[in-house]
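Next come two complexes built around chain A: one with chain B, the other with chain C.
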Partner chain A sequence: MLQEPFAVGNSFIHRIDPRFRLISALLYSIVVAILYGFYPLIASVVISGLLIRTAGLNGKAVLKRLALVNGFVLIFWLILPFTAKGNILYTIGFLNIYEPGVVLALQVTLKSNAIVMAFIAMVSTMSFSTLGHTLNSLGLPQKFVFLFVLTYRYIFVIEQEYKKIWRSIKIRGFSPKTTIHCYKTYAYMIGMIFVRASARADRVYRAMLCRGFDGCFYTLSEFPSSSRNWLFLVMMIFLSAFILLMEFCFYG
Partner chain B sequence: MDDSVSTDPIIQLSGISYSYPGESPVLKDLSFALHKGERIGLLAPNGSGKTTLFHVIMGLLAVSEGNIQIFGRNIESEKDFVWVRRKIGLLFQDADDQLFSPTVLDDVAFGPLNMGKSKKEALFISRKVLSFLGLSSFEERITFKLSGGEKKLVSLATILSMEPEVLLLDEPLNGLDNKTRIKLIGVLNSIDVSCVVISHDIDFLLDCTDTIYTLRDGGIEKDTTVYVHSHDHAHMLGHVPHQHE
Partner chain C sequence: MHISEGILTWPVLASGTAFALAGTAVGLKKLKTEDIPKTAILSAAFFVASLIHVPIGPSSAHLMLNGIVGILLGWAAFPAIFVALSLQALFFQYGGITTLGVNTLLMALPAFLCYLLFKPLIVKKNHSIALAAGFSGGAFSVFLSGIIMAALLVFAERHFFGVSMMVLAAHIPVMIIEGIITMFCIGFLKKVQPSLLGT
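For the complex of A and B:
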């Protein structure tokens, strides 16, 4: 089950208008993405860490999410040091470890962690539906937002339907093998999930029509305008400028 | 039946026919009327067209023949049905079809917001309905994490928040445990709306409705014959002479 463990809270960041948070997160991550120097990169990791602190999130849960990202990063560590040629750092048997490769992998690690941490702190601290409405109010087409919000709602139902079919397949003694019968069963299962999903979509749409749906979504969540929002945005612009300046000063 | 029945019907169907593409007609020359204050039960076998009838009334399925009058108005176009849907609330068989918003409050407020109510009004009425159903603590709950019974009650709330004058309930007791059943029956008996209820549960229909109809060969029939019958029942110490309340 997908969950939103960070969406609930009452920290300084949770109370900022989601639009301001989303814009700040985008701006900040673009800046971090173009960094190369180690000082600014380390500074950005520290800033992201502080943001998570400010959002008052559970450290363990954050680390769990980061572990997921670093699983991908690990792949870079397995490839880059051996392939990006340059000065040789070490030689293990017939394998050379090159300096540019290690530097690149380290940059990727710092960048991705800083960006993901910033998004956890600023974006996953809003619920999915709030994110949908935020995207809408920032000018994203309404159709896209519907897709976004409804996919989120019904992905669980489709998952349940998949499990239901899978159970009924299993209790009748099915075990996966490399046979036509097996592939046929999988094909039936996938087909049935699509058919049921489409029938479900039909019924949901009818239910929405019955409640007067006319193509517009209205939202209940309100984020009163406050000077805090601007304070937060200015702070994020300042921090982004700061690390960018560091980049230019040290590494021009 | 009381005197109010003598007034004009609020739902009147005459000569309705409907068939799903490529199949023989489900509804054939069906006529039906619901008067203000009436509570009608619909007890009929699976596949006899009960749900289809509801969807025809709400304009979700377009009939091939026949005339629909709601509150004395001829209903023909989609625009007419938009108006109908504000007056008549349909409770779907599967609550998962009805609840699509992430939180309960969002979902209950969906109808009122669509009806053009302000946020404040929508919130007020949604909270009122939720507290009427004893669901006040549910506001921020995530709809897909509710239990089956909770989902059913919340879907009822999403309908009631539109303040309908008629309720169409499609197997409202389906899959509910005894406690939720009793609660739902209590709620239905305490609200003052006309309704049509589909159910396979004769006890429930006798408890909640005044008249029971059945669907046969695509038409609607009233079964008024009264049969005297006795029940067998068993319990411990049954052989000892005793009386039942």
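For the complex of A and C:
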């Protein structure tokens, strides 16, 4: 269910210290999120595209992820041009297409894609366990990191339990319909998943205690320090400043 | 329901993030280390729920389960939902870094309110009161999520009014389904393992 198609690689970005990548991604995303102007937005889409390129990712897989995001954006295209009133751009029959609506929908599209591409290039390129340790070494609370890592582990447990129960329901001839019986079945299934998964979680936790778990995670992997990391961070700060400057110069 | 990247304006994103972080911080503070595995289970269930599709007439909707998560976790619903949403952002690009805060807020705040309002009724001995509270809790949390989402969209940009009304309308069937599922699920847990509900 959970795949990390981008986590493995040997590109320039893959070799940057994950902490530097996470901070750069955060900074850059925040800057893009506050943009309005078209030139800076287009510049950010180009920069994010270049980041994807630098990470040497499989274009098809990236497009698949982007398709999902653009599904939500599509709702805006279906509604905004007709509801955000202003100058009329076109008239089709009784429907008016308004300029502010189209402008807004276009802004939303560019922004979403720029932020998501940057996220894929910088954050999806690390494996989950690396991210857990990164959060740890960035000083996030221990409890948070513990919860984060355990949740990831339990997703697979829940998925197994879900599939197991689903199979047995199917064998008994269940077919989903809009009936109370069907909703009851789903509800009992979810309840059963909770019961089984929490019993299992309890066993796992006791086993961890037996092995001396004290609420802390210790990481064995050290992030090698290298001038490349700083180079990357400075570059991302520079690029963020550049699009921000563009925003202020053109659009005040 | 998530708000994607690039839609909201920065004041909305910033204030949403501030509230979500405050809730998460309090939740973490109140969370005991030995309770983390249970919280993680519910957080993982919340994550998986978004992949379980339930039929509604000719169409289908995925479950949200924030009502149940809230009832079972209380304050810890904030960190649990925050973590589940981070994972969804990471693996599916639902939501993302800048919208993590607002998405946490719009899912976790109703969950927490659901805990405050309905938990005391659910732990009562009377089975039908508990079921009614379960239904109300499930429906209420989805409804409130929809309201918060619509409000955030309108705060960000008044032109989003049409979109936000459509989002809200889409929440109504989900709300009813979620109410029914939460009701039966609470009834089930009360019979099978009341300790999960803290009774």
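Note that the second predicted complex is superposed on the first by the 243 of 252 C-alpha atoms of A that agree within 3 Å, B and C clash if a C-alpha of one lies under 4 Å from a C-alpha of the other, contacts with A are read in each partner's own complex, and residues count from 1 in each chain.
The definition used in the following text is that a residue touches a chain if its C-beta (ideal position, glycine included) is under 8 Å from a C-beta of that chain, and two chains touch if they have at least 3 such contacts.
Because the structure is predicted, anything quoted here is derived from the model rather than measured.
Asker: With both complexes superposed on chain A, which partner does A:Val204 reach: first (chain B), second (chain C), both or neither?
Answerer: So A:Val204 meets both chain B and chain C here.
Asker: I want to verify the contact counts: of chain B and chain C, which reaches more residues of chain A?
Answerer: Touched residues of chain A are more numerous for C.
Asker: Where does A:Leu150 make contact in the superposed view: on chain B (first), on chain C (second), on both, or on neither?
Answerer: The answer is both, since A:Leu150 touches chain B and chain C.
Asker: Please indicate which partner A:Phe128 is in contact with in the superposed arrangement: first for chain B, second for chain C, both, or neither.
Answerer: A:Phe128 contacts both chain B and chain C.
Asker: Which of the two partners, first being chain B and second being chain C, lies in contact with A:Phe72: first, second, both, or neither?
Answerer: Once the two structures are laid over each other on A, A:Phe72 reaches chain C alone.
Asker: Now for A:Tyr218: first (chain B), second (chain C), both, or neither, which partner does it touch?
Answerer: In the superposed model, A:Tyr218 contacts chain B only, not chain C.
Asker: Between chain B and chain C, whom does A:Val108 touch in the aligned arrangement: first, second, both, or neither?
Answerer: In the superposed model, A:Val108 contacts chain C only, not chain B.
Asker: Which residues would you name on chain A as touching chain B in one complex and chain C in the other?
Answerer: 128, 150, 152-154, 157, 204
Asker: Show me the residue ranges of chain B that touch chain A in the complex, using the header's touch definition.
Answerer: So the residues of chain B in touch with chain A come to 55, 58, 60, 82, 85-86, 89-90, 92, 94, 96-98, 100-103, 105-106, 109-111, 113-115, 119, 122-123, 143-144, 158-159, 162.
Asker: Please output the residues of chain A touching chain C within their complex, sorted ascending.
Answerer: Touch list, chain A to chain C: 1-4, 25-26, 29-30, 32-34, 65-66, 68-69, 72-73, 75-76, 79-80, 82-84, 100-101, 104, 107-116, 119-120, 123-124, 128, 131, 141, 143-144, 146-148, 150-155, 157-159, 162, 176-178, 180, 182-184, 186-188, 190-195, 197-198, 201-202, 204-205, 215.
Asker: Any idea which chain A residues touch chain B in the complex?
Answerer: 127-129, 149-150, 152-154, 156-157, 200, 203-204, 206-214, 216, 218-220, 222
Asker: What residues of chain C sit close enough to touch chain A in their complex?
Answerer: Where chain C meets chain A, its residues are 2, 4-10, 13, 24, 28, 31, 33-34, 36-45, 47-49, 51-52, 54-57, 60, 63, 65, 68, 72, 79-80, 83-84, 86-87, 89-94, 96-98, 157, 159-163, 166, 177, 180-185, 187-189, 192-193, 196.
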